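Look at the two complexes coming up: chain A is in both, with chain B in one and chain C in the other.
Right, the complex of A and B next:
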């Protein structure tokens, strides 16, 4: 059996992999060239992003890794939606690389980042369960090492939590994949095969169960309640750039993976009986995440912990439009995760620029008093990010994303979920405005000292803020990318 | 130059002049001269406009691209017509004269340029209202006028009373504007267009479908409410006398040609609809009938001659509006506009004259002005002819126009079901009262020279000073060290206005106003009534100020000076309940609405605490525990779905 391969479509994943190999080779040949690894890594990430750009406005289907006709199945779909998520994941990883200072980013860090990025790129485009599983693990497992790699005991603790979680998650995913193949007899995640299976009651139940188990496994990666327990521990104990990675690129990868799993359900949406079990599972996870994450974030006084709980709440928002199981719902989820990833990357970069890289005391909300006067650039970018997360003008893109997530839910007739979302949105405003409000006023003497090397963090924060501002002014730019 | 060019120029010139004047504010005298120059150019353009004005039944409007706002058409066109040209010319003239006078009167004022700029903008707004063939433009001009009048009345903002007067005029007219805006919106929405012609043809039923008479009356009544506010008619009349806190040129402008007359212009534009809306006509008729009598009576009792003129304006505007309320369709709105025209001439003359006299006397109080007319022959002559026109003496401009209003009311009373009878009765009473207070005003100013010093001294500790402790001329006294002789241009302007007051009636010959013949019998009757009013006051001249024969006690005088205590009534009946309501709303907001908010915050806090309890041990063990929980959930789903 020969595969039809279109290399151009695979380039976004291949370039980071090639860069990873190159880093290792260069390190073996010239061990002293300490700057080589970050530079090659950055170029690899950038090259991957550039290679994904043609996919943004492709009219024809961009399928590859296909088995021969007549029974042709493709394992790679570089659709505009997937290309957008790929670019976002690669650029977010690049931002994280910038947040680690150039000198400190050693070979191991860069290799891990590149591995994670190539996994993220692959998982959003994969349509068969094998590629999908491997790519997903490639996207998440290196992060565990990054958390534990060069830090203190607390980080090891966080890494252990993440590792336990990942193992259980992997187990669930494998179980789900096996159930899926059993139910549909097809290792690819495609609509027609699901529709065929749906006609038989036993297979239908099995397919539903497979999807629920896959959702449970992915819920760990997305850190949705009740699979979220690792998130606050890991995010607060690891280095800040890795926390930013977990909140941005990893999140994009996990959501992309979920989009792939839910894509086939479009073809059974109108059948009778419909996929009620899947919807119920998604609704439970969504509602629990939004409410738990928000009320917990309301109680936090330590900013990274607050951001961690806000990640959980925002995971609920990402899942919200998926409960409709429609195309519009998947597009809305993609938009929301993009906006969220950029905003949280900006927030973490600003926090990094204010406090430095390490876990320290004093990352309390009170340390942000008068930040807008004391440090207008970091304070201003952080303010924009918080407004976007809260969905308040002038962070219009946050509001647009929230409205877009609620619309498919309403169209699908899931009114109670929409009402919960509105309640969560109101509470969420309180979460971010609590922080936002502290930044006004006069700075006092207890303000933390500005860290020495922070140019890269400020640059990441400013670039991300520019994206947020531009999309706030012209939301159609972002909306056009995924449709 | 076509009539349309004239209308555009008349709106644009004052706007540009206002901008230029404001730009030159660092050199106030140059700025004021620029404003006056532009105003004089406007007068020339206005006279040309009268010459090239379209003839009757040939209303023109700019052909312009129609904007579409949703389903609403918005032509945003200016237009012209015979009466439009005449009114525009007189507005331009009054504005020019006021600006020339301002240069002398506010010579030492540090904000002369701002004042001149505001006057120019005010004129532009009035020109916009006069020429608008689109209700949106009317509304813009209307609101800009309200804003400019606030600035002009509050010009001496260091004075507490001037600030209060400015606020009062702004708030009172704004409250009435609620009606105006609602009415305009309703009329436009019904017609599907904001164009004046479209609105008129829709609501008169020319377009085919006959509109609901009830709706038409309500919408016109709303517009009338706005007009009553802007024109200081009952029950909104009280802001205008207080507006005397502004400098005299501002009063001349507001009273003579712009703000208070704007309502007449707008209602004249809507006249074809108004004449069909009986409810609105009754509202207008009753309000103006009450206003003209009440204001004339108050004018007689004022201790301050400037406030006397203010009340006379209220009364005279009521007379203009009464012509619109009673006119039949055949007569049309022109008698009212003709009275606007003549009133603009003689009222600006009177205000500028009293501005001059107050500089001479150092006050506008009647006792201070006693005998002040002897300062210059022209002052006395101007004052005399202005008052003759005010009283409506035959053949001067005010007499002719008032005659036409009376005939219009008579025709309305016998010819249609409107409020003609009530208005006619009120008009006749007002004629007597107007003659009386005009005679009084003349007798005070023209008292023999010898009495002046005596009376000033003897009244210095009198009971009347209480009414006006802070007089505008107190501000001026420091500024004017000259002998009170105005400059030559000012004298020339006054002379021009005086001449126009005498011969202005000749405008009837141009045919710009569509007027019917006045009857000789009515003229005789009016002359008789004027004679009665003037004669009674003449007989009372032995009291020093003839007023003292009518208002004898201090209490009565205070009541007259306070305008029957309407200010208190506003506070008790409007401001009080509104504040009370605001307090209730505030209470509800704080105790009920905020209660929900606080409750929500508390429940979020409790939920957070409970959730927090579940996350105390964020160890791997807890994570594994939650994983187990997740598995149980997934397994439960599986069991449930397995049927």
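Right, the complex of A and C next:
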């Protein structure tokens, strides 16, 4: 059996891998060149993103890794939606690399970041379960190492939590994949084979079960309730840039993976009986995440913990449109996760810029008093990020993303979910406005000193804010990418 | 061009003032803001006369268009917003909330005022349902800043509570409205407010009721309709004078305008079904507001509750479903905007002079200490109680007429009309109570004149403008009615 391979389409994943190898080789040959690793890594990430740009054009299908006809199946689909997520994941990783600061990012950090990025790129485009599983783990496992890499006891604890979670999640995903193959007799995630299986009651039950198990496995990675327990621990104990990675690039990868799993359901949506089990599973996870995450975030006073709980709440918002299982729903989820990833990256970068390298202590909300006056750049970018997360103008893109996510739900007539979304939206405003309110006013004498070296963090925050501002004025720029 | 200028001048200057120009000296910032408000206001008046159209694609995936157009229903409200906008910025020469301890800079204050005005103008001019929602949301954060940062300097906790209440209540309302809008747009297939009534005419009655319910509850928070009004007194009492004026004269109007534009215009049958409930809520609001005003000690809070009562009349007029009812609602809207603006400017001025406006404190008679201010207060109170010849009369009179001859649910609406008429009597009672305590007041002591210097300068100009408007609308209600007549006729006719 020969595979038809079009290398050009695989470049977004291959360039980071090549950069990773190059970093290792350079390190072996010239071990003293400490700047080489981050530079090569940055170029690799950027190159991958550039290579994914042609995929944004919705012209012809960009399928590759295909088995020969007649029953040819392709294992790689570089659709505009996938390409958008790829670019976003790569650029978010680049932002995280910048947050790590050039001096401190060692060879190991860069290699892990590149591995995770290439995994993220592959998983959103994969359409067969084998590639999908491997790519998903490739996207996740390096992050565990990154959390633990700095030898702090708390970090090791966080890494252990993440590792345990990942193992459970991996077990569920393998089980789900096996069930899927059993149900459909097809190792690729395609609509027609699911539709064929749907006609037989036993296979239908099995396929639903497979999907529910896969959703559960992915819910760990998206940090949706009830699979969220690792998130606050890991995000607060690990290094801040890695928390930013978990909240941005990793989130994009996980949501991209979920979109791949749910894509086949479009072809069974109108059949009778419809995919009620899958919808029910999604609804439970969505509602639980939105409410728990928001309410818990409302109680936090430590900012990273607040951001961690807000991640959980926002995971619910990402899942919200998916409950409709429609194309519009998948597009809305992609848009929402992109907006969320940029906003949370900005928030983490701003927190980093405010507290500097040693950020573990004093990250209380009170430390942000008068920030807008004391530190207009970090404060301003943080304010924009919070408004986008809350969905309040002038952060119009956050509002548009919320409108997009509610629309498919209303379209599908899922009223209970829509009502929960209304409650969560209002509580969410309370969460972010609470932080926003602290930043006004006169600075205290007890305010933390502005750290000396923070150019990279400020640059990431400003670049992310620029993206948010531009998309707020012209939301179509972002929305047009995925349609 | 006029439309672009109307939104761009206050919007861009407002944004600049809250970001880049925050450090601007108060004197400069005031002039900049006043110029921006004047340009925007002038453009708004021109645009209401010329009626230009902007219609461009904005978010094609959501079908949202950058569509602004002014018609007979929005024109009076746009003019009202423009005038109030200039007045509140001008009022910054009188009340300087940035000088109180813990408040932000003058530029942020003025910028927030301008942004609220921009949002309101955009919402009134928007002809796209989703765009209306977005413009509606624009006012939230700047208004929250105004209440939370520049409000009552006595209590930080009260400010935080009032501003949080304002933003959360409004957010509940607007999110419910969003769900209603999305459902309406999804079922009707268009977001164009002009095309929606026809497109939505074919919807099933269950769907119509659901859409009307979502939209009405959402907007009722903003109006506010009893029992969803509990955010209003806190916000009004705490906000600086300019904030109270904007809230009463502009933001509440967004709620009633939204009711006219969305449920009444697009799903009239569904709205007709829930109209009795809304009418009862409106009538209770009239009585409730009136009763509280009879015993309330804080004058600012009293005016806020009287707003609830006045908006009850407007809502009652809307529920009648007739042409005259809509006319009454729109006229009542404008009248209440002018009257409450006048009263809040006066009461805000008194609060600044006296430190508090507790009615239990015995104070020298206003008519002797500061006769001009006293006259304006009496004028405002008289207009508020619905004295013929002043602005308040026509809106309430026509509202009662409309509720007596409704299109449907005659029995319930007539009952509500009777209840509301009793409420109007209550309005007379509390207005006289305030006049007796404040205007007639107590014996004048020697140093009283210093405590409450009479109004002059810019404050006098602001008060005089509003007072003239109160009289003008009272003498010639046709000034407003003529403008709205055609649009209302199409609206009601299209619904048939």
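Just so it is clear, the second predicted complex is superposed on the first by the 479 of 483 C-alpha atoms of A that agree within 3 Å, B and C clash if a C-alpha of one lies under 4 Å from a C-alpha of the other, contacts with A are read in each partner's own complex, and residues count from 1 in each chain.
Following the convention adopted for this analysis, a residue touches a chain if its C-beta (ideal position, glycine included) is under 8 Å from a C-beta of that chain, and two chains touch if they have at least 3 such contacts.
Given the structure is predicted, the values throughout are model-derived calculations rather than measurements.
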item: Touching partner for A:100 - first (chain B), second (chain C), both, neither; value: neither
item: Chain B versus chain C as contact partner of A:433, first or second or both or neither; value: second
item: Which superposed partner A:417 touches (first chain B, second chain C, both, neither); value: neither
item: Partner chain in contact with A:208 - chain B first, chain C second, else both or neither; value: first
item: Which of chain B and chain C A:299 touches, first, second, both or neither; value: first
item: Partner chain in contact with A:219 - chain B first, chain C second, else both or neither; value: first
item: Touching partner for A:393 - first (chain B), second (chain C), both, neither; value: second
item: Chain A positions touched by chain B in one structure and by chain C in the second; value: 426, 430
item: List of chain C residues in touch with chain A within their complex; value: 15, 19, 22, 57-62, 102, 104, 119, 130, 133-134, 137-138, 140-141, 144-145, 148-149, 160, 163-164, 167-168, 171-172, 175-176, 178-179, 182-183, 186
item: Interface residues, chain A side, partner chain C - complex; value: 331, 376, 380, 387, 392-394, 396, 399-400, 403-404, 406-407, 410-411, 418, 421-422, 425-426, 429-430, 433, 437, 440-442, 474-476, 479-480, 483
item: Complex interface listing, chain A residues touching chain B; value: 160-161, 164-165, 168, 172, 201, 205, 208-209, 212-213, 216, 219-220, 226-230, 232-233, 277, 280-281, 284, 291-292, 294-296, 298-299, 426-427, 430
item: Touch list for chain B against partner chain A, complex; value: 600-601, 604-605, 607-609, 611-612, 615, 618-620, 622-627, 629-631, 633-634, 637-638, 640-643
